[in-house]
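Pasting the structures here.
Each of the next two complexes has chain A plus one more chain, namely chain B in the first and chain C in the second.
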Partner chain A sequence: MPSLMILIPLFGIIALNLIFAGSVKMRRWAFVFALALFVLQIAVAVFYHPAFRNNSLERIDSFFRMAFFIDHLTFIMFICIGLVSIASLFVARYTMPDESGRFKFTNLLILASLGMSGIVMVKDIFSLYVFMEITAVASFLLIAYPKTIESLEGSFKYLILSSVATVLMLSSIGLLLLVSGSTSFTEIAAGIDGSRGSAFVLLAIGLFICGLFIKGGLVPFHGWLPDAYMAAPAPVSILLAGIVTKAAGIYTMIRIVTTLFPYNQAVNSVIMLIGTISIFVGAIAAIGQDNFKRMLAYSSISQVGYIILGLGAGTGLGIAGAVFHLFNHSVFKSLLFVNSAVVEKETGTCSMNEMGGISQKMPVTGTTSVIAFLSTCGMPPLSGFWSKLIIVVALWQAGHHVYSALAVIASVITLAYFLSMQRRVFFGKLKAGLENIKDADRGVLGVSIILAAVIVGVGVFFPFVYTTLISPVKEILIR
Partner chain B sequence: MDAILLPIYIPIATALLVLFVPKKVRGVREAVVLAGTLANLIVAVSLFKSDLSYSIPWAGFGAFEFNLRLYHYSAFTIGAAAAFGFLISLYTCVFALNKSYSKYFYVYFLASLSFLNGAALSSNLLAVLFFWEALLMTQFGMIALGGKSAFKTATKAFIIVGLSDLCMMIGMAIYGHIAGTFNIGTNAISLAGFGGLAFTFLIIGAIAKSGSMPFHSWIPDAAIDAPLPFMAIFPGALEKILGIYFLARISLDMFKLDLNSWASYMLMTIGAITIIFAVMMALVQKDYKKLLSYHAISQIGYMVLGIGTLVPVGIIGGIFHMINNAMYKSCLFLTGGAVERGAGTTNLEKLGGIGKRMPVTFICFIVTALSISGVPPFNGFFSKELVYDGALERGRIFYLAAVIGSFFTAASFLKLGHAAFLGKLDKRNDKVREAPAAMLVPMVIIAGACILFGVYNALPIKFLIQPILGPGRLEGHDYSGFPANTMLVIISVVVLIGAVLNHIYGVKKTGKGISAVDHIHYAPVLGWIYSRAEKGYFDPYNIGYSAIDLLSVAAAWTDKAIDWVYNSFIVTVTDQASAAIRGMHNGSYKLYILWSLGAAALIVIFLIRAI
Partner chain C sequence: MGLLILTTMAALWTVMARSLLKATIGLAITSAAIAIIIFRLNSPLAAVFELSVCAGLITAIFVSTISLTKPLTHKEILQVSKDRIKRYWYLPVILAIVGALLIFMKARQDFTMIQAPGSPLDVRTMLWDFRRLDLLGQVMILIAGALGVVLLFGENKNDER
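Moving on, here comes the complex of A and B:
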């Protein structure tokens, strides 16, 4: 039955274009349609709807040549995908005045989210690749959507680097197919287990991980990321930073590492090293940025570093922390990008030096931004504190004391660049020429407030969240 | 909900309720306060004799757990606190009726009760710490309510107690490291190595909360500045109950102590010094409340000494003295409040002869003064005799200190009673009236309890205190009834008679009750010491302050160095690193591909080499 999670959006897009594409009036309803779709996705995930149990609908499933399955990790990812897509949708309504342009955007957004839903449900490596490409193609188009020089350049860089990743991963899939004779996770895992220590397998593993590093934008595979995030229109930045790179790169890495080669110490040390480099390079690069969105892009790199650092600890707790931080990062980074979108739309610029004091004019945006960045820095009792704490504790328990200490130190740098951002953009005296700006429309403000409430709520009710949501993730390692 | 949580929830919920009670309707707020404290008392009493525990593991990792346990000792402690809380809130409702601070006093007071119950119920050091620090805040708030000059005193109290709490926190950390758990009573550790350090730091926290020397100096200041009910309930009763409770738990449950260990001698020495020095200061005070406040310090010495002996008779004496002291000391403060309300002052020079005008207050004063002086058959006599017995077993010097303390205690209360209630009635005090019934009731009840606990001392000792030690430690002894050592009783009585003779001598010499101890005050060497003590030369807080001047110069230099590191060095390094990284991102996708492929090659080589 999980296949419905793919089929409904798929037929939704078709229906959208058949029914609504005709007149401008009807196109307005595309927004409502997409919103309903994403809300449904979250609702189904949260309430454990029967669609979510792993029973199959034989007739519908025979339509696919692949099998889907759902576990706890998938469940969390579904919530992330739904939340971020909704945020993106509202911001699109706010920043894109052109009806027909927005219609195209909505279509691509549903397509991208369909791709991501596929990524988090498949259980063979080739289908994984297919859904990744669906997501990536939708993203290329979304980035290039304004058709300016910058956006085309950003999209092109993403396209090129993604192709490199594709080459790496496809070669790896080929090699793994040779070793195990199949593409399904279980058989590959058995195949890898059977030929332990063979250089051939290690080559395949290395290539696949490097492809995922590119997709996830980790240093030094991150070159495309700041340009793409900065050049993309605001709602697309939210989507990319909030979920696309996380689903395509990070989620996949968590899934692959835990199911295919869970006890390979060398892989774990590579992941931890790359994670730490990303944390520091991302944070230090963020300090010197003038462009709001580019700063957030580097911040994303840094936070993704934390996620895979937790993964690299190799313990159940570390993986739980990584997934938790992934969830938190989706929420707070989306919120920050929503804030940046509002600021960009109202002031007409992304340069932080040309802003100042706009918190007076935008109380909600200014306040939610404080909550979001404090959570990013790991300030108790907000959500980010707990996930970072779990990661640090997991690293310490696994005996990686140096990495654990570095993870704590990097939080200080995070705080430094966000405080500087907040001071330059929101606090202080109102810059001349900005007297007439106002806060965003109700929809976007609502999204900001909900996301901020999630940050605070997850932080305050952490014990509950931990036992019901996060702790069960540990099971994926045991299996 | 678990019943064990009620003593924590009820007072704090009442406190929040008080915040929202409209002030226009008179009496509603007071009714809420009384109802809350009464409910707390009922719950505390009904929980007595039960054994409950409650646990929330924090996120399931590490030793961080939130554990509560209600058993004999903690039930006894919260029961005693609840009883005082109710009686004193009854008193306060009249005393503070028209005072501007009343609303926030109630809020802080009720919150404190909740935190105190929490601290007493916690069976995990981290939970103790949580409630303990919360008490620090409400204490600050209550003192600061006294007005402008009170703020300085509140800060002083905050710094002294805060620093000692910091010591306690360090002690807890060391303890947790050695014992492998923060739970109390699961793993008693020895004093060897860092265990001794942990013990010392934990003890500092416990005795500083109870107000022992050298952490006492804020109490006399607070006596003048803080609202009077605060003095009666906190330094008078609750802080002692909690401090001594924790001291006993440290000594009995958390460490394995030998009779001859230095820890025992350290505690006994602190106790003896506190008894002597504080009572000497109390002797020469010329203010009703300030005199009492020094006794509040001095009496804590008996408890620390008693528990420090580590012999059952001493420990029982110490705990019994704790509960006795809470009774008579809070009642004495309440009489002080009644006098303040009636005469408008607590300065002994301006009082005198008001005993006839305030007969009930005077009787309560007499009963409690006799109790604190250790006159048979009042409760103070029996607990002191037990402490004497324990002290004598461990060393004559400690016994001697305790007895000298008794002498001066009796002398100073003879002086206080004489100066305030007897003698000629001053014209200014012609209109003094007795306090209203709501203030008298708590005083009478407590004074009555002082007699009850003395005459029928088997009730507290057998029923409440001996079960704390358990049959294993008691070895079949029973310490209730008349003291076993008749010799000690005779000495005590002789000492009391000496105090009376001393008073008569002093009054004859000067003719006034208030100057009954002038021959001690202005004695050759003592006079010189007293004049300096009164200027605050011996106040550890002041000494600390002058030492800080030197420290601040050194700190300023260190600060400059640190500033340079933060403001110049780190900023420059970060800026340059950031600029370097920005420089590397020149926008060329060829470069980016090169990075990716180069890194991919390195990773693959590493993985293959790592087999």
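Moving on, here comes the complex of A and C:
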């Protein structure tokens, strides 16, 4: 059945463009198709684990030579991809008035989501690269979509740095092929195990990790990220911040590190160092920003730092914490970007100095923004608190006491810049000229409320979520 | 070694060249040199692809696009050239350092222990029988490319009105 996650969207896009592209009325079905697809993806991940994992459609699978690797991490990623794509879809309907442009956007959104679904299911490093490229190409186009100087510049920067990442990863894949004679995860892991200490292997690991750092927008490879997030249209910013960089960069890093070189102390040390630098550089840079979206972009860099800090702990608990924070980050950062889209559309600006008191006119957006930022800061009992706590505990247990303390200290900086944002944008006296603004339409408000409910629900029902969804992720290290 | 140096120098010329046309020629030389390297590594089909697509087709598309753009004046070209050297002077330096490091590492580390895996299969058999999922991925990238052309270069009917 996993092959359907690739084939339904692919043939769906072809059908949409062959059958539905002709008339404006028919193009509206693209929205329904995309929504159904993303809801199905979440439903499969939440309700049908064993049936989905075990039922193979033999004829289809054998024709396309599809053999996937499905575990708990895959299901968590499916939920993230589905949730963020739905948020992006509704915000596109709210912010893009042109039906034709929205149809093209929906096509590219489905394609990006398809690429990410492929990334999280494959068990071959070259196929992983192919699906990363599909996601990247769709993302370049989505960023460039408004065709303004800023958006083209943002897209071009992403294209160039992504190409550098591609070169690094392809070189690494070539070296790993030499080591193992195959591109499948299992055989590469065996090949690496059999050639410990080889300069080839070290070079291959280094190149691949550097490529993933670029894809994930980690310091010092983060130059493209704030420009791309800021220049992209609102629904694309949600997609990029919520899931694209996480699936292409961070998920891949978790999968590669745990599957191919699980107990490599040198790799873990580099990951922890880069993670800590990213946490602090992102947080400090976010403090000085005036642009709402740019501040959120730097905040993303900082939060991604937490994820890979957990990964660097090298223990089952650390990896569970990293995956949990990845899920939480997808939800709360998508919510913050949804709110920024609403604020930008209503006020016509992203400059925080030109805003103030917006909560009076946008109660739902203001309230959900508070929930999202408190979760980002790690405030109990919201979801972000638990994932950060797990990461801190995992680091402490693994003997990395300094990193553990730094992770706690950085949360205070996060609280500082988010409080400043909340005060400048939502609280205080309503700025002159903003009297006529109003909250978003029902679709976007519904998305905001659902995302906020996920944040609160995951936090309140943490023991259940941890036992059923997060803890089983530890298996990937044991295996 | 000679081919590697030629590839590197041509690639460097591509990013440092004053005019777009010269950069395109640099890119074509880079691709041609890579094609020869691939050919010498016993992958004739891949070399033919590299030569025909990268050195041939892409160069032709770039040259036709450049012919549609307005050329810069001599003064502007000199200014662009100065700016570029000022901004990217470190590229050749980094390249030289990386090259020196690699030569040093080669002297220190044993890079010869690994043998290239020899596949008895023809590349077409390999692609069709074992990498069909990747071919499907290529179809998706082509669809993305087509959507991109429509998105970026297609005129919006509303704009026309």
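One rule holds in what follows: the second predicted complex is superposed on the first by the 471 of 479 C-alpha atoms of A that agree within 3 Å, B and C clash if a C-alpha of one lies under 4 Å from a C-alpha of the other, contacts with A are read in each partner's own complex, and residues count from 1 in each chain.
Rule of thumb we're sticking to: contacts are C-beta pairs under 8 Å (C-beta built on N, C-alpha and C of every residue); 3 or more make two chains touch, one makes a residue touch a chain.
All values derive from a computational prediction rather than experimental measurement.
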First, second, both or neither for A:Y94, with chain B first and chain C second: neither
Chain B versus chain C as contact partner of A:G223, first or second or both or neither: first
Touched partner set for A:S127, first chain B, second chain C, both or neither: second
Partner chain(s) touched by A:A266 [first = chain B, second = chain C, both, neither]: first
Chain B versus chain C as contact partner of A:I6, first or second or both or neither: second
Which superposed partner A:A199 touches (first chain B, second chain C, both, neither): both
First (chain B), second (chain C), both or neither touched by A:L108: second
Partner chain in contact with A:I287 - chain B first, chain C second, else both or neither: first
Contacts of A:F324 with chain B and chain C, given as first, second, both or neither: neither
Touching both chain C and chain B, counted on chain A across the two superposed complexes: 199
Of chain A, residues touching chain B in the complex: 153, 156-157, 160-161, 164, 168, 197, 199, 202-203, 205-207, 209-210, 213-214, 220-221, 223-224, 226-227, 265-267, 269-270, 281, 284-285, 287-289, 317, 386, 390, 393, 397, 413, 416, 462-463, 466-467, 471
Touching residues (chain side chain B, partner chain A) in the complex: 56, 58-62, 574-575, 577-579, 581-582, 585, 587, 589, 591-593, 595-600, 603-604, 606-608, 610-611
In the complex, chain A residues that touch chain C: 6, 10, 13-14, 63-66, 98, 100-101, 104, 107-108, 111, 114-115, 118, 122, 124, 126-127, 130-131, 133-134, 137-138, 140-141, 144-145, 147, 177-179, 181-182, 195, 198-200
Complex interface listing, chain C residues touching chain A: 105, 109-111, 113-117, 129-134, 136-141, 143-145, 147-148, 150-152, 156-158
